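Chain lettering (A, B and C) follows the sequence in which the chains are written, and residue indices restart at 1 in each chain.
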Amino acid sequence: MKPLEETTWQEIELGGLLREPGSARAYRTGDWRSQHPVWTKSRCIRCGVCWTVCPEPAIVEEPGGYFDMDPDYCKGCGTCARECVTGCISMMPEEE
Amino acid sequence: MAKAKAETKAEGKVDAKIEAKAKVEAKPEPKAEAKGEAKVETIAKVDPVAKAYAPAHRVGMEVSIAVSHAVQLSRAEAIAAYPITPQTHIVEHLSSMVANGDLDAEFINVESEHSAMSACIGMSASGARTYTATSSQGLALMHEILFIASAMRFPIVMTVANRALSGPLSIWNDHGDIMAARDIGWIQIFVENGQEAFDHSVMAFKIAENPKVLLPTIINMDGFILSHVVEALEMVGQKTVDNFLPAYVPRHQLDTKNPVTMGAFAMPEIYTEVKMKHQVTLTNAYEHIMAVWDEWAGLTGRRYQPVERYRTEDAKVLLLTMGCLSEVAKIAVDEMREAGVPVGLLKLRMWRPFPFQDLREAVGDAELLVVCDRALSLGGPGGPVMSEVRSALYAAAQRPQILGYIIGLGGRDVAPEAFREIVDQAQKEVAQGPSQEFHLYGVRG
Amino acid sequence: MDKFGFAESQKYDTYASRLMPREELFTPGHRACQGCGEALAVRWVTKAIGPDAIIAHATGCMEIVSSGMPQTSWMNPWIHVAFENTAAVASGIDAGLRILERKGKLTGPPPKVVAMGGDGGTSDIGLQALSGALERGTNFTYVCWDNEAYMNTGIQRSSSTPFGAMTTTSPPGKRSIGQSTWKKDMVAIAVAHNIPYVATASPSYIFDLYFKIRKALETPGPAYVHVLSVCPTGWRSPTDLSVRLGRLAVETAVFPLFEVVEGKYHLTVQPHQIRPIRDYMKPQGRFRHLREPEMNFIQKRVIDRYRDLLAKCNVPEPEFPFLPEEAPAEEGK
């Protein structure tokens, strides 16, 4: 998608509408976080509660049924760790 | 069977009568329409196929009702309206048409004008041909949404029965309501009689829905003095309108098969570009408006111009008016011409987009242009129209002296004598030098 | 109708999360704050709504974080017009769809119409448009994201701000305890319009929320769902507590979950025991300044209102051992 500052007036869509649904996926909110969730798989019961409580959502299911964060979007809020049924998610600080 | 035959025979007779009458009346009146004014082509002179194509009948009816018939003939599909004097008869009649099945449309009685324009946006966004009407306080109440409707390019048609703005409260006619809405980005046309109100209401849909335009359109008609009077006018038939105005084909629509996001916000990096696009679209709408007016002239013989001239060829002094005042000014011009005053009249019909070129040409080499506003911009140069006319003529190598008079505020009657006095006063003022920025004609005290 | 609502949500338990629809109709990449309870609510409500719906949205947090040119988080056809007119826009869309359907211009049945607005855009500036749309029997669902203040403009108070809460325009001070009026009862206002379905919901109880939205959509005519949206930024709570606070709001009876079907009240989530409001209010910085008299007033009022609700729902009252002693004289304010 062309950056805003390079868009000419002729390129503006009819009435300023946006034709591509979900184009916000191009914005990587993962840059925001200062901590990220880490799953201890041995204690994970694959219930999926973490997936339901992520506001982004930034939790993806792996082939085995376990879950992991989506690094592109995870903002590091910690809700998944807080709500995990078995407490198997820990929030670890981001390395610089 | 015999009865049916007899009836059709009788109808045939009546039709012939009406046609004959129409032919007679189609001939231009020598006094009013002769010199200077753009030719009014009679139906007889136009392509004979067009004549057969445009069956019309003359009626005498209240102009508001005529407007609602125009909306009905245009097959408006969705109407959201809130009642306000003096627009009420339009929406009442539309309401009754819908109730009787004479107009297949959804009619929402919204709870305010702000919601009326909001609902109109919803209706237009879903893909329906949308109409509403309002006046004065109602127009003021929907103000913020008006900008949005045009920015989002919805071809809503709205009749504004021009009425003074509070305070103090006044239900009577002036142009204060629409002059406070100059910047909204809509196409705006003024009409001065019942025929024009009918004609332009139908044309408005075609202009608005043109894919190169897609801008909402206002038809301004003076409240009470036009909306509530009974006039004779020629009403075209349904078939004519159907051929002239095909079904609305939305170019952007809320559709689950093709989801779009409408109304996204704009950062400073892009806002200017969005506005530029709107400005260019509105300016370029001029040629599309003219094309529609041209087509209408072919169908009906009635040709409209952005700036209409009356007895301007050798005029040294020009009056400029909008709306019904033009008809009164015409009478005054005739009387002044009798008395040897070289005066002419300009009638500004297209307000937005502003017809810069037409105005400059119409002004020609007149020495004095007196602009008569029916609205007052407080604390400023007085008349909104006068300000814009001055600005439009500023860069011209040769331009007349331009003076501004405000008349007829809050429904105060304007008689032809007023224009004679104004021209008199203006001529004196030009000779002595202007005494004030503008004049509020007829104010006591 | 019994297919949805509380009855249906009762069938699900812990692993039901895996059974919920995976498609995201409110995509990541939106600029909501970390831990935003409202974004979580939008995520689940849009899942419940599905792709076959048109959304009209008011100006507010969720509109701003999701629709800055040239990007959008919305997968549905979506329109934003202004702050206070969402219900009117939805009325227009509903009418437009009806005439298009009548004229045979739609390919398939008309999509659902959903209006969404924050508490400001619903209970304050948007109240007139909402009332009009409800009164006219518009066939739509109105979802209110209640984060209890004008959050997008910087945490100013609204009529949905709870009593005693700190906001920037109801700050506590020498002459103020914060918000000085009780939260406006939007559910009662909706019910007063005699509409067929009204409900409260919370993203802390997603099955309850999911099936209530489905029920609202399937109900012909107007439906109103009021969703408590925890805002860590405005409530001054930790970013990881939004779901927990939503749960505490229900468990302390501050925000009970119920539905009103054709005027009949049903409690849809009944906590085993009601907890004192301190449990809910303590983690929130916006209540930090409140002292015992205010807390007692709030506690008593919360339970009084809960009792009224239980009576309407025909549910027997539990014990409230933590209720303060009846104090004569003044009640707060």
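The working rule: a residue touches a chain if its C-beta (ideal position, glycine included) is under 8 Å from a C-beta of that chain, and two chains touch if they have at least 3 such contacts.
Quick caveat, the model's predicted, so the values are computed rather than measured.
Note on interfaces A-C and A-B: more C-beta pairs are in contact across A-C. The most distant chain from chain B, with centres taken as the mean of CA atoms, is A. Centre-to-centre, using mean CA coordinates, chain B is 46 Å away from chain C. Taking each chain's centre as the average of its CA atoms, chain A and chain C sit 24 Å apart. Separating the centre of chain A from that of chain B, both taken as means of CA atoms, is a distance of 54 Å. Among the residues of chain C, those in touch with two or more other chains are 67, 69-70, 72, 74-76.
Residues of chain B in contact with at least two other chains: 152, 259-264, 266-267, 270. In chain A, the positions touching at least two other chains are 4, 7, 16, 18, 21. Contact residues on chain B toward chain C in their complex (touch as defined above): 77-78, 80, 104-106, 108-112, 114-116, 118-128, 130, 144-145, 148, 152, 254-267, 270. Residue ranges on chain A touching chain C, taken from their complex, read 1-2, 4, 7, 16, 18, 20-29, 32-33, 46-49, 51-58, 70, 72-73, 75-79, 81-83, 85, 91. The touching residues of chain C, counted against chain B in their complex, run 51-54, 56, 63-64, 67-70, 72, 74-82, 84-85, 88-100, 102-103, 105, 107, 111, 128-129, 131-132, 135-136. Across the interface of their complex, chain A is touched by residues 14-15, 17-18, 20, 24, 27-32, 34-37, 39-40, 43-44, 66-67, 69-76, 206, 232, 238-244 of chain C. Residues of chain A touching chain B in their complex: 4-5, 7-12, 14-19, 21.
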